[in-house]
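Every chain is named by a letter (A, B, C and D) in the order it is written, and numbering of its residues begins at 1.
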Amino acid sequence: MSRVSKVDILARVEGHGTVELVSDGKRVVDARFLIHESPRFFEALLTGRRFDEVADIACRICSICSTVHKIAALQAVEQAMGIYISRQTALLRELALYGGVIESHALHIFCLALPDYLDVKSINELSEREPQKMKTGLKIKKLGNFIQESVGGRAIHPFNLLLGGVGTPPTPEVLKEISDQIRIMRSEISETIVYALKLEEILPPLSPLEQCAVIGSYQFSAGKLMTSTGRVISADYGVEWFNEHIEPYSNAKISRFDGSTPLFVGPLARILLSMPPLYSENFVDRSIRSSLKARAVELELSLEKAEVLIRQLIEAGLKSEQPAVSRSCTTEGVSLIEAPRGTLLHRYRFDTNGICRAADIITPTAINQSAIAASLKELIVLMDGADYDQIKKTAEILIRCYDPCISCAVH
Amino acid sequence: MLTRFISDQNLPDFMQKLRKFGGIEGPLRGEDGGVRFGNLSDGTTPDIHAIRTLLPAKKYLFAPEERLFNYTLQEGYKILLEDISPVTLFALHPCELAGINYLDRLLGGDAPDPHYAARRSQITLIGISCLPDEFCSCHISPSPLQALSDIFMNIVEGGFVVTVYSSRGKEIMEDMKDLAEERELPVPQDARRFFGVSLPLNVMSEIDTGLPEWQKLADRCLGCGACSLCCPTCACFNILEFAGLDGVSSERIRYWDNCLFKSHSMVAGGAVFNKGRAERFIYRYRHKQRGFGPLRGVPSCVGCGRCRAFCPIGLDLRVLTELLERSAV
Amino acid sequence: MNNIQPLRGEISIITRMTADTTLFTLSTKPEYEVASSFLPGQFLELSLPGVGEIPVSYCGFPSNNGTIELCIRHIGHVTNAIKSSAKGDYVGLRGPFGRGFPIDTYGGMDMLLVAGGLGIAPIRSLLLNLLFVRKRYGRIRVVYAARASRLLLFLDELLDFKKNGIIELLLAVDSLAVGEKKNPDCRIALLPALFEEMKIEPEKTFTAVCGPSVVYPRIITSLQNLGVSDDRIHISLERRMKCGIGRCGHCAIGEYLCCLDGPVFSVAELSGVEGGIA
Amino acid sequence: MKKLRLAITGMTACSGCQLSLLNCENELPDLLEKFDFSFFPLASSPLDLIGEYDASIVEGCVSMPHEKKLLLELRNRSRYLIAVGTCAVFGGVAALKNDEEREVLRKQVYGSSSIVESTFRPLPLNNLVQVDASITGCPPEKMELLRLLGGLLAGALPVDSDYPVCTECRIRENICLLTERGELCLGMLVSGGCHARCPSMAVPCEGCRGPLPEANLREALRIYAEKGFDRETVFARLRRFCPEWRL
């Protein structure tokens, strides 16, 4: 007789998901990650809208990832409509993306993951146990928000990022302020990295899965995907390659890829595929339990990148520019981009009047579902015989390693 | 009359020296074409020929949003007066000066509003002459308000004829001796002559609220409030209080309010005294053309033309004045 | 004067009058000496820290021990929040403001006081003032109506005065609650009906009225029908107020400002003023 | 002082409103001192509704049976129920196609396969329960959230604003994007409170704070038409955040 147990809501992840453990009365025999967030049918909502509305709507898929959704949508629409952005715009967008990574990773490390490592239950408890860490975390998070705000006008749903350009570019003073803050925070961040790298792993080692990221990984969008087995997929085939289908236990579509190998995306995948030499020794263990380390490392890298971008922008001199307009219409556009949580794809098709006729959005969490499923299965085997609650808790921690963003996954 | 003359060439030096007396704020034309009062202390050249700024200089005396008090358990309500440093408002048109004159009467006086008084006491006014455009009405309908300033500069060929009206003005001009030659010069006629005159009688007759035009205007009004925000003499305010996150402190903030909003006349329980936009228009018109309370009988339209220039639908209260005058005859 | 700076008062007694009305007794000494020097009909600005400030009529008698009575109906932002205030809590006070009832002119006259609902607050203050030197005035009649018996405020006090023969009292409620017994002192009628059989000497009578503004036109007509001239009908008006001192621009009635020229006006002053009497 | 017990949760939405609260980095330590985030799935683990709450702060619109259940339960257990964000107040982006059948939308995205739980047309909270106060915005302004919380400590709920975005835009001395530049800015129809965020950066207001109760839609449409925007385009924009816009 099998008993099904449900953890009602999965805490400290964005959106509504649950872990379901199936036990035969004595042992836990199966574990599943269920996504039962309400689908908003974004792909359907977008069809019928004019090209200049698509990105504004699409960014509402998710708040934590709104900057990257906005930029992905803008890029796809620009490609379809033949809009070519200036170098300044490109640099600003990249800066905003790093702001997003900083914010998202800081939020994950300090608010969502740290309670697991310190074995506390809530942010109230966390702030009592580790007030200093919490403060540092909030400071870094705030900096990420400040960057997104300065470029996008707002940390969530950045309105200043427009088709073809920006509304008002940030002033050099603001950019310098960001640079200064990064400089001041440097040492604290390095400490954080060291701290995160030292944290004792709570998960058993799991076998590494195949990784996938936009090629070159630290160029956020390069039009091609690469996997750790050396496959290269161009953006145009992205949708087909991800090969989404529906499973009864998830409101988010699941990628089957060409075969059945589960792939995973996200910071760890990016690090492993590019492996900044400085950090390689920390990633001997390539399984997902290294994800916190990957995030910490990326946090540091992102701050460096942001500084470089700011220098470039200031050197070139910030100008207010009219957003670029459409020159030719190819009717279809795809954009592949690395969101904080992994590869994100937006694809749109427009009719000759610029009305959106089809939309496809594939998000990192949707892609990661099969990897999560595989990891959970392995965990159950590894923990065979362990206490039910222990398994439940560990399963939750495992899922949080993928930093699932359920709003994105379902959209 | 003994006046002083400052040549165009000497203006930058004049401005430079003016900095000794505090910050300088004056009309600036932005990259987007908009004219606003802004900081001139760094030597930026003001646009002295600009006809109207988006907001009048009232923003310096009566801020759109101002913290009045904070409350603490220990001290109760404590008035917040920030340290205000001296500032010279440069190149104010006569209508602007007349507006400030009106605010002085409303918020100054014997028992002045402390926040207003604190700002006002630090402000030096330097007026400048101008040419009315099609939106202005200073040259058509006279205002009983005076255009008081510390220094007034009339634009003439090659420079400015400067007249001094206050001891503060005198002190400043004393310092400018090398830049301003003393001369016997006629003070040119300028827009200033339209201020400080008494009003023709019919302006004081009762307002005919039965005119269909009220409703016609009201139907089109968007209720955006632009007209009163940009009015040099509109000074209705709302006060809200917000509690701090410590559970005991709070702060009280004053905001610009607007008689075209429903809440302006709403009392508890939801009763609204000026229900329709037409009634609100009458209220506004009465305030501008008649005044109420202590300023009853003091029209406060200074003819700057902003409300018409900035109304998105181009509503023009002058049309009403004409109609009302006609219906009063 | 504390026109601008709210001074501290402390809630010393809280008396729940009805489900939505509370009588607050504030002690103000030593900060607020002016507590003892207001005219009935005047109001003060009451601040609830962290919430906001509202105009409220004085409801009691000027006391030299510095206490102030305010009768507050809980219907909005500030008035609801004050409901959960406790004894000992601080409030802010500014005032007195406005023009109250011209009590000096009432000497030797018959007084007809008319209150509807919460309008009893300033009327009670006026009554207590009249009773302070009772013999200075002629007949004092109080006409008071509310929607239901349980909403009649200060009922015991009024009935006491009546019992002592110092006032005449006419009470009315719109209707009785299910199963409620009729009170012999109270009629079931609307306010204007109370004037129908009334006999007064108009040339010897002043009237003071406070109630919801919707009933004013009918009350005024009734009083006029009794022969009271417009300059002897004093009514208290309510408007939105943010400052109490003639600056915030909200309370204009025609060219009057309710906070300075009112809240008490004579009907004569309001004649021809659009929007004065609803 | 006893800490106030809060329940903070999201329905169908992007979590932006809750994140806005977490984005108050400077104030979070203070908040943690004054409030007990007793039910806050996004940020902490306790996942059961326990006891009564001083206030429930709810983001998002309702489109699934389990959300409806949770909402009713929160209402039952809370002194105040506060709708936060445009989705909770007006429906928001998720309600964009509320005039179409859910089934049609579902088919378009998921094809013929069925999904776990059925969904219904996204509804703003006040269609299902009494809402004691609302804070609009997509996302809401941090300041408004903080003032809401401060107000709760003082025993008061926030008051709605009744002026349009244009008012604040004029106070900020922006060049009007509609009248001067002919761009489709919705400022005059939309509730203010954001300090005209978008127009202040030369980006037309997209109406994220929802309709102004006293909007003069007829006159606005006339102005838009004058600038070359037909009714359909304008309404498409207006309904982005509030499907209920009608003339």
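We adopt the following convention: a residue touches a chain if its C-beta (ideal position, glycine included) is under 8 Å from a C-beta of that chain, and two chains touch if they have at least 3 such contacts.
This is a predicted model, so every value here is computed, not measured.
Identification of common neighbours of subunit C and subunit D yields B. With centres taken as mean C-alpha coordinates, the chain found closest to the middle of all protein C-alpha atoms is D. Contact counts per chain pair peak at A-D. Each chain's centre was taken as the mean of its CA atoms, and the one lying most distant from subunit B is A. Once the centre of each chain is set as its mean CA position, subunit A and subunit B turn out to be 52 Å apart.
A separation of 64 Å divides the Cα centre of subunit A from that of subunit C. Mean C-alpha positions place subunit B and subunit C at a centre distance of 39 Å. Subunit B and subunit D have Cα centroids separated by 37 Å. In subunit D, the positions touching at least two other chains are 150-151, 153-154, 156, 159, 202. Shown for subunit A are the residues that touch two or more other chains, of which there are none.
Multi-chain contact residues of subunit C (touching two or more other chains) are listed as 49-52.
Inter-chain contacts, as defined above, occur between A-D, B-C, B-D, C-D. Put simply, subunit D touches subunit B in their complex at residues 1, 27, 30-31, 34, 146-147, 149-151, 153-154, 156, 159, 162-164, 166-167, 170-171, 173-176, 178-180, 187-188, 202, 212-216, 218-220, 223.
For subunit B in complex with subunit C, the touching residues are 69, 71, 73, 76-77, 79, 106-107, 111, 113-114, 206, 209, 235-244, 248-250, 252, 257, 259, 263-269, 271, 273-274, 279, 282-283, 286-287, 290-294, 296-297.
Those residues of subunit D that touch subunit A in the shared complex are 10-17, 19-20, 22-23, 25-26, 28-29, 32, 36-37, 40-48, 63-64, 66-67, 92-94, 96-97, 104-106, 108-111, 113-117, 119, 122, 138-139, 197-198, 201-203, 206, 208, 233, 236-237, 240.
Put simply, subunit D touches subunit C in their complex at residues 150-151, 153-157, 159. Per the touch definition, subunit C reaches subunit D in the complex via residues 48-52, 77-78, 80-81, 84-85.
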